[in-house]
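The following block contains the structure, expressed as structure tokens.
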Amino acid sequence: MFTFVQILDFIGTLAFAISGIRLASAKQFDLFGAYVVGVTTAIGGGTMRDLLLSQPPFWMTNPFYLICSAIALLWVIVFRRFLVRQNNTWFLFDSIGLALFTVTGIEKTVSAGFPFWTAIIMGTLTGAGGGVFRDVFINEVPLIFRKEIYALACVIGGLVYYTCHRIGLDNVQAGLVCGASVMLTRFLAVKYHLHLPVLKRED
Amino acid sequence: MFTFVQILDFIGTLAFAISGIRLASAKQFDLFGAYVVGVTTAIGGGTMRDLLLSQPPFWMTNPFYLICSAIALLWVIVFRRFLVRQNNTWFLFDSIGLALFTVTGIEKTVSAGFPFWTAIIMGTLTGAGGGVFRDVFINEVPLIFRKEIYALACVIGGLVYYTCHRIGLDNVQAGLVCGASVMLTRFLAVKYHLHLPVLKRED
Amino acid sequence: MFTFVQILDFIGTLAFAISGIRLASAKQFDLFGAYVVGVTTAIGGGTMRDLLLSQPPFWMTNPFYLICSAIALLWVIVFRRFLVRQNNTWFLFDSIGLALFTVTGIEKTVSAGFPFWTAIIMGTLTGAGGGVFRDVFINEVPLIFRKEIYALACVIGGLVYYTCHRIGLDNVQAGLVCGASVMLTRFLAVKYHLHLPVLKRED
């Protein structure tokens, strides 16, 4: 049977891969290219985290993530006409992925003995890094540097995790509250079109 | 004296570096920039593989690859007018490099104790990854995600290697058959303009 | 109290981060995006070096570099109107950073037991690599591959360091002469508009 975390992991990986595959397809990538961009969106952040932590990348011993990405490719091929109508569902799934990957990144970094501020960075990188690789591959300016609050939701989640940890909650509790706060931040950001300010032009 | 593999390695590295230097020159890179792009095309895939395998990058203890890339730069400077006429030769040499680097990537990953599907990915990354770095540096959408079958030749080669391994061939035999199948796939792809399909637009 | 090297490190990190933040702002990145590009410009080269050397990235256990980058962001926000007038100062500070990071990269690589030619590459990567990440993020062709001599100043500094080492100078002396030669090369390159030649077009 699957655990609760494995189900969230499946949902998040699927959503991340689908976001990469859709953007790659819009740029006329072939099936192989779309798959590679999908995989990179799904595993890029965690891979960068593992390299920085000097640990073997998580997907190299577990085919789960590549299979998820293949399912995502199939999904886009089969349900192409309905994807726009599914946008709310994919937004929800993407937020679940963002929340879970942030928590995973934080916990893996703390376990490796790094300070908490490093863990918050690694949580943000795990959650939002894949999208940066995706946008570099499709040759666009990374979306997370410009659009409504996305990576900042991971940072906020990280600060919430740290607070939970300081007031004595255990890992599971802190992870749940952190994940919920990432998702809540995302929902509020999209609902109220919250953007960070852009620096004014130099004169 | 040089071994057979060293000669192939020289040919492949030269061809990869030349492809990077030519594309960089077309974008008005200076000599240093062209050299860096050439080196990155030649060693980028293998470097990424070594980082993922937690091994010291292969070129850091052996100046061979940087010297090859310098020879490639000299070649482009001296034979600039004749490069287009040499296109068939460079296509052949590039295919040799693709084949050899795929085999090297597979064998290094299997030796490191990873499963075979990881090795096939690493073989593909070793063969086709340098071209992705090249295209990111010259600020183009990576060619291998769009043009005729290139990285897929490495995947096919990897599956062939695995089959050879399963039916009892030794490393040298499996490597030769794998390399031959990579080259054959490339030749057929270019001769018959074989492309992977592109995903249709969402409605 | 701060050591001399720490002060140079602060100046260099500030200048690198500011160059990233200014370019990101010109591309309408939001505050978070500008900060990420600033940080990446400041620490990207050294991070790549540490990954290649299989060492934990230097900034993961020392918040100094992220704080410097935050100060850089504040500086750009507060002194936005005066940044152009400060261009000469930032050019000087950027050159100090380039010189220091080159020396650091060389010494760390030699300490790790690699040959000197690898150390020169790592010095160049430490000094000039961050700017490549910056330019990939803002979706421009990396400036160092095209503009007046920049990364080549690091290579020249590396050769000077090696010469000093061979004639018997100690680390501090060799580092000072190397750093001075990096800065001198930069000054001469900018003052006399020294460019490397661009390869002529293929016919």
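Before moving on, here are some points about what is shown:
The first chain written gets the first letter, and so on, giving A, B and C; residue counts start at 1 in each chain.
Convention: a contact is a pair of C-beta atoms (placed from the backbone, for glycine too) under 8 Å apart; a residue touches a chain by one contact, two chains touch by 3 or more.
Bear in mind that the values here come from a model prediction, so they are computed numbers and not experimental data.
Where chain A touches chain C, under half of the residue numbers in use are shared by the two copies, so each contributes mostly different positions.
Annotation, chain B versus chain C: rotation angle of 120 degrees from the Cα superposition, expressed as a multiple of 5. The centroid of the Cα atoms in chain A and the matching centroid in chain C are 30 Å apart. Residue positions 51, 54, 136, 139 of chain C each touch two or more of the other chains. The touching residues of chain A, when paired with chain C in their complex, are 51-52, 54, 114-115, 117-118, 121, 132, 136, 139-142, 144-146, 149, 151-152, 195-203.
Against chain A, in their complex, chain C makes its touches with residues 21-22, 24-34, 36-37, 47, 51, 54, 56-57, 60-61, 63, 66, 76-77, 80-81, 83-84, 136-139.
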